[in-house]
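First chain written, first letter: the chains are A, B, C and D, and each begins at residue 1.
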Amino acid sequence: KQQKNSKGNGDFCIKNIKQADFGRREIEIAEQEFRTTIPLQAKKTPLLSSSPQVLMETLSALGAQCRWAACNIYSTQNEVAAALAEGGETRVFAWKGESEDDFWWCIDRCVNVEGWQPNMILDDGGDLTHWIYKKYPNMFKKIKGIVEESVTGVHRLYQLSKAGKLCVPAMNVNDSVTKQKFDNLYCCRESILDGLKRTTDVMFGGKQVVVCGYGEVGKGCCAALKAMGSIVYVTEIDPICALQACMDGFRLVKLNEVIRQVDIVITCTGNKNVVVRENLDRMKNGCIVCNMGHSNTEIDVASLRTPELTWERVRSQVDHVIWPDGKRIVLLAEGRLLNLSCSTVPTFVLSITATTQALALIELYNAPEGRYKQDVYLLPKKMDEYVASLHLPTFDAHLTELTDEQAKYLGLNKNGPFKPNYYR
Amino acid sequence: KQQKNSKGNGDFCIKNIKQADFGRREIEIAEQEFRTTIPLQAKKTPLLSSSPQVLMETLSALGAQCRWAACNIYSTQNEVAAALAEGGETRVFAWKGESEDDFWWCIDRCVNVEGWQPNMILDDGGDLTHWIYKKYPNMFKKIKGIVEESVTGVHRLYQLSKAGKLCVPAMNVNDSVTKQKFDNLYCCRESILDGLKRTTDVMFGGKQVVVCGYGEVGKGCCAALKAMGSIVYVTEIDPICALQACMDGFRLVKLNEVIRQVDIVITCTGNKNVVVRENLDRMKNGCIVCNMGHSNTEIDVASLRTPELTWERVRSQVDHVIWPDGKRIVLLAEGRLLNLSCSTVPTFVLSITATTQALALIELYNAPEGRYKQDVYLLPKKMDEYVASLHLPTFDAHLTELTDEQAKYLGLNKNGPFKPNYYR
Amino acid sequence: KQQKNSKGNGDFCIKNIKQADFGRREIEIAEQEFRTTIPLQAKKTPLLSSSPQVLMETLSALGAQCRWAACNIYSTQNEVAAALAEGGETRVFAWKGESEDDFWWCIDRCVNVEGWQPNMILDDGGDLTHWIYKKYPNMFKKIKGIVEESVTGVHRLYQLSKAGKLCVPAMNVNDSVTKQKFDNLYCCRESILDGLKRTTDVMFGGKQVVVCGYGEVGKGCCAALKAMGSIVYVTEIDPICALQACMDGFRLVKLNEVIRQVDIVITCTGNKNVVVRENLDRMKNGCIVCNMGHSNTEIDVASLRTPELTWERVRSQVDHVIWPDGKRIVLLAEGRLLNLSCSTVPTFVLSITATTQALALIELYNAPEGRYKQDVYLLPKKMDEYVASLHLPTFDAHLTELTDEQAKYLGLNKNGPFKPNYYR
Amino acid sequence: KQQKNSKGNGDFCIKNIKQADFGRREIEIAEQEFRTTIPLQAKKTPLLSSSPQVLMETLSALGAQCRWAACNIYSTQNEVAAALAEGGETRVFAWKGESEDDFWWCIDRCVNVEGWQPNMILDDGGDLTHWIYKKYPNMFKKIKGIVEESVTGVHRLYQLSKAGKLCVPAMNVNDSVTKQKFDNLYCCRESILDGLKRTTDVMFGGKQVVVCGYGEVGKGCCAALKAMGSIVYVTEIDPICALQACMDGFRLVKLNEVIRQVDIVITCTGNKNVVVRENLDRMKNGCIVCNMGHSNTEIDVASLRTPELTWERVRSQVDHVIWPDGKRIVLLAEGRLLNLSCSTVPTFVLSITATTQALALIELYNAPEGRYKQDVYLLPKKMDEYVASLHLPTFDAHLTELTDEQAKYLGLNKNGPFKPNYYR
């Protein structure tokens, strides 16, 4: 259905342009917390993106001509999309609850436009990149680089690179320290509580919880739940993370050792089939199951689509799956990511990510010919530190400066970088 | 507007009877966690109540004929009220967002019904009791007792008692240990996070927060926010609570020492005018202000209703109050209780409270003539322990029993009570 | 062996007067933290005491003529006793490692002195009071009151009172809120770690620990160990404390459910035979067993004095008890109180206790005839708050004062007391 | 002074051979916790070492002929050294409280022995390596490699390597994940509390503390003190660590902002002159100052050796430095490392480090010619994971194994390594 914004422009596809005012207010609320200024000169650059909405306006203000599709069929806030469409600077093709077909249609509408050719790709998950590789490979001739922020997307890029098929430089911003810590540890520490509360109103105190995976996401979830008085068990495959879980006070178990007794099961592994039908069969009545990890592969939801089980949608994003004996499992977001589907990402975290992405875009765009080859790069440590330093004033935090004598003693430049690359 | 439930009964007044199915589902979800069985014989007893909805059905099942009005103009969940109305056993007069007049009208509809006379009052805040005192004092002749669960209501009862005007026995269930800890410490530890997230999506990490009051509610709020990485300051008037705050790692300050620097202000005092216009004038842009304490007196909201300030409703329960220089204060729930308005009370906490109330009702109803005089009583310690013990199986918690030798050594009965009355 | 201090005075009995200088330094270190001033006029009062050393000098400075014996055969610091003896104002009869006979001999030397008659008793455990009852009952004619600070001593006083045998007023300072919280919760939170480290150097991270008893001491121990990364189980007999343990995130078990798997067993019950031979038989090799609770009854140490078990003293206060199969249990302080035997009580806690005791002494001494009968009294709430307020400046803590309007609203005096008596 | 052990061997130099029995008991206590078995075949290899004592016996048991000198003039436990000397397999040249000259003399006695030539160096700090470079460079011809575990030693090796002067392969075990986390984060989380308690008996609750540096050591110190109820401020030079401190709930300040108000100052920077005379002049009376970081450079202790300040040794490792106005600063360990001087390293941490060192030694010793060049290497990730997995059984921790399908999905070998090299 064709809609137009108040300026008569119709080059977008969203749920409802009338929600623009409400969305604009949401953006303003976000900006209350989103205080980082990216101190850069404006430049004109056509940009394709499937990245969070907040970044779009900043990039437009810097001079980018952005076209934007969603990276996930549920992650779009319709009101915010409407506000962007109404603003008119970013072309938006996204709504909450797209079908699989819608999803690819939106991406295609982003890319395939007459008289416009992107020179930068800002991707989140790699679907946009994948689409261009598949449908419009010639576009890469004019593209200066790809900035990718997700585990999956980065994984795909490394595979392309290994296969010798990567035809432009790519920046892996997923693994910058600042972005990692915020997206995973700090954000999930809060969103696990938020997501569970909004969907189930469960009380955390005294609950027994098993968290599968003790990476950054798992660490955040465990710390939050422990602080709220839950008893937390951890499963791990990596002995180093396993030992960390022990030292942080969590019993390290195999899933089947505790599956009968736990009240909540949370997956944070990045793996597939971590919770399978056999586990689900043994859970107790009322057990809550959700995924904080990756994609929708961690819980084998397909195994629950069998005739003897009844599904009952009790709230948005909450299904009761009912066994023949009456046992109910509470499945959240149909096994998709809880933090994307059932909680919001704090604007401060978006600001960290967006700043990282923007700096990476600028770095790739401005880099002299030849600095970056057709390979995947980590964000330079110094830029990582720069992103962090831009966010310190929010906390009224005062950094100490090295004296000349100290810098010399440590063998460091007074302006950083301050740590080796592997430092987290 | 007259509505009827599916059985043709119209003795209720709620928002929309069509929401009954949805509400029934909500109740079922609650029952997933609300597992306590009150192991009592059924009895028939007409009951007036302004207490949480979940209790009503239990009491009905026990044989009570209940009529129910809301205790707060915002606290009713319309769907749940509809489900109760549809069920037909409890007469419901309540909806979310009643006016002051509606509120008293509902109470009157509860009380003033031909051919029905209550013999027990279950009150929350004392308004129901107050109304009967004022309008239908003769009703007390047949009333066997009052069970009251709020600070305010208890306060009123003690005043009646002191003035020699209390004409039936009353049970103060507010000050039972179990109920206190859950309603205040444990519940607020979770609801402060939930309430702030649902309204503002604020990230807690690194935020500076001042919590006014370090009673049970304050302790819960401070512990939760500290665990989420906030920097928390506390104000107190009582040196004992103040010293506890120090020992728990919070800087004890006067409000004006930190008011310019904090990101969030939370009141938990039970006092009035704890945050006044002068404080609000000095807060920084974007500061969030909310009340977890009592009534709506803690923040002097009236002082913000002046011509030079602009109010902007940005979301449900969220107002921006805008100063002439553009500074915005984010006021939640117009200074009313955040945990009642913007978060949900976990069903487990409702179960604790409801069990305490039900036991108190039964105790008063069954007590032999003369055991209770026209006075205010605390729930007997042993019943308090009984409420706790009924909730232990939820956690698969295994209590240790005293041996005869140990009981003798300690001078205790093996079945309790185990602690002196002042033990918390 | 007769010793004299540098002034030629020999009315004391300690280990070694030559340690006086070292002990004086220890006292000075303590005074660095022990900053409370008790702002009172000096008065002359003969005093008997078995209380901590630090208080003695303060009381002497206030004009008391003190004679002091130890309350525990291990708790005396010889150097500090020497310093007091050298100072000459307090007569000291105490050393570390007294025999049972020594213990009573010291008490008798305190009491039984020609030309001196006490008018106040400051007791800790009730042995001193017991001795006078037994040997010198006539002394009570001139005694104005007893101040008692221990659970045991208070228990004995209530029994005397119940039996109608208490012949002077007694003040139970053990149950004042401030004293309780510091002596138990806050102090044990630190001393459990300190005591275990000094004796065993054990690493807490990842250790499985069972804590028997979740009163204030148990709460302190559990919180500290959880924070250090231990996995903590709790046993309880009281359902209210049990539920608190659940909500604080501890699995509530019976001892035999976890006894095979734990690394550390800690008793904090005030009960007897909490850990018995059967439990000890099932512990795993290397398990550490200690008592934070009360007296030396909690662990049935006597049951370990059997021929098939070998005891090996590996360090001061540390025994390995060795089973025939080579299994070793690490028993600390022979089952006596770990915090008294193997760690130090922070001077700040001593200051709280000492201030409470001093105020109670002064209250009893100064009270007009007839205010206190031959009964056991709790410290008045207002004095309890006063003790707390005297210690706030140490933390640079700033108390908020009620406005007149607020005091009226709350129905409180602006100077307190601020809480009901049962508030903890 | 020449001593001989019971077998008549005199090739050692320690404090007192008579302490051997006591030291043997200490070692046995340690072995209670030190349960890792290094499952390797014995081999004969002459080894020079300045590493912890516990490792020596293991290496001897594996067939190494070890000679050992201390890495720090205070870190030797005389009794343990005596036990090793008595055992006779390790030649020991070390005692607590060596002078600077003693220190180098001991190292020389280790190295310079007729008819013996080392083929591996196990160093901690680089002094041993330095001495051989300086005095016996020819020895390197037969040396197969250096294993170095300290920051300083590793720094020196990288400098040698950069300068092209490194003449054998070297393994940097300091930066293995497992070793880092345990030596720094987990160990310091406990030893900061232990070190402060043993020296000062300070109560942590309510104390204001500034921690300089928020690396792994700082993170451990801050977490422990926060958990004990201290109010903690952090200083940092690195914006990434600074942001982490903010998100963990610590105010980030410059030292001079809080120096007047804090009760305790802790340095954990690895830097020099972090606390200088100007800071010390402004501290309040009774402030405790200590170093958890590195060497003895962090606090400018030399600046306190001036005539107007009086030093008073109040206990072992505790000095009062007294200003003309009577102000006292409590300086611990004369500014040397608190955790080495005033607390013990848990045997579990020693086990982690020792296992890492042993595996690195074996790797270098067994490596085929040419695998390692004259360069500095990190411990291979897989060995790092192996060290971790060897320590899991202590915690009864059960690792989950990848299914074939999952391993394929993740692109991992089922036996690891599981994470990229930069993962911490």
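Just a few scattered comments:
Keep in mind that, in the parts below, contacts are C-beta pairs under 8 Å (C-beta built on N, C-alpha and C of every residue); 3 or more make two chains touch, one makes a residue touch a chain.
This is a predicted model, so every value here is computed, not measured.
Set against the Cα centre of chain C, the chain with the most distant centre is A. Two chain pairs, A-C and C-D, are compared here, and C-D has more C-beta pairs in contact (counted per touch definition above).
Note on chain placement: the centre of chain B and the centre of chain C lie 39 Å apart, centres being C-alpha means. Inter-chain centre distance (chain C to chain D, centres taken as mean C-alpha positions): 38 Å.
Mean C-alpha positions place chain A and chain C at a centre distance of 54 Å. The set of chain D residues touching two or more other chains comprises 186, 205-206, 228-229, 246-247, 251, 395, 397. Residues of chain B touching chain D in their complex: 205-206, 226, 228-231, 246-251.
Residue ranges of chain B in contact with chain C, taken from their complex: 175, 177-178, 181-182, 186, 235-247, 251-255, 257, 270-273, 297, 384-386, 388-389, 391-392, 395, 397-403, 405-406, 409-410, 416, 418-419, 421-424. Contact residues on chain B toward chain A in their complex (touch as defined above): 25, 28-30, 32-33, 186-187, 189-190, 193-194, 197-198, 200-206, 208, 223-224, 227-229, 261, 285-286, 314-315, 328, 330, 343-344, 346-349, 394-397.
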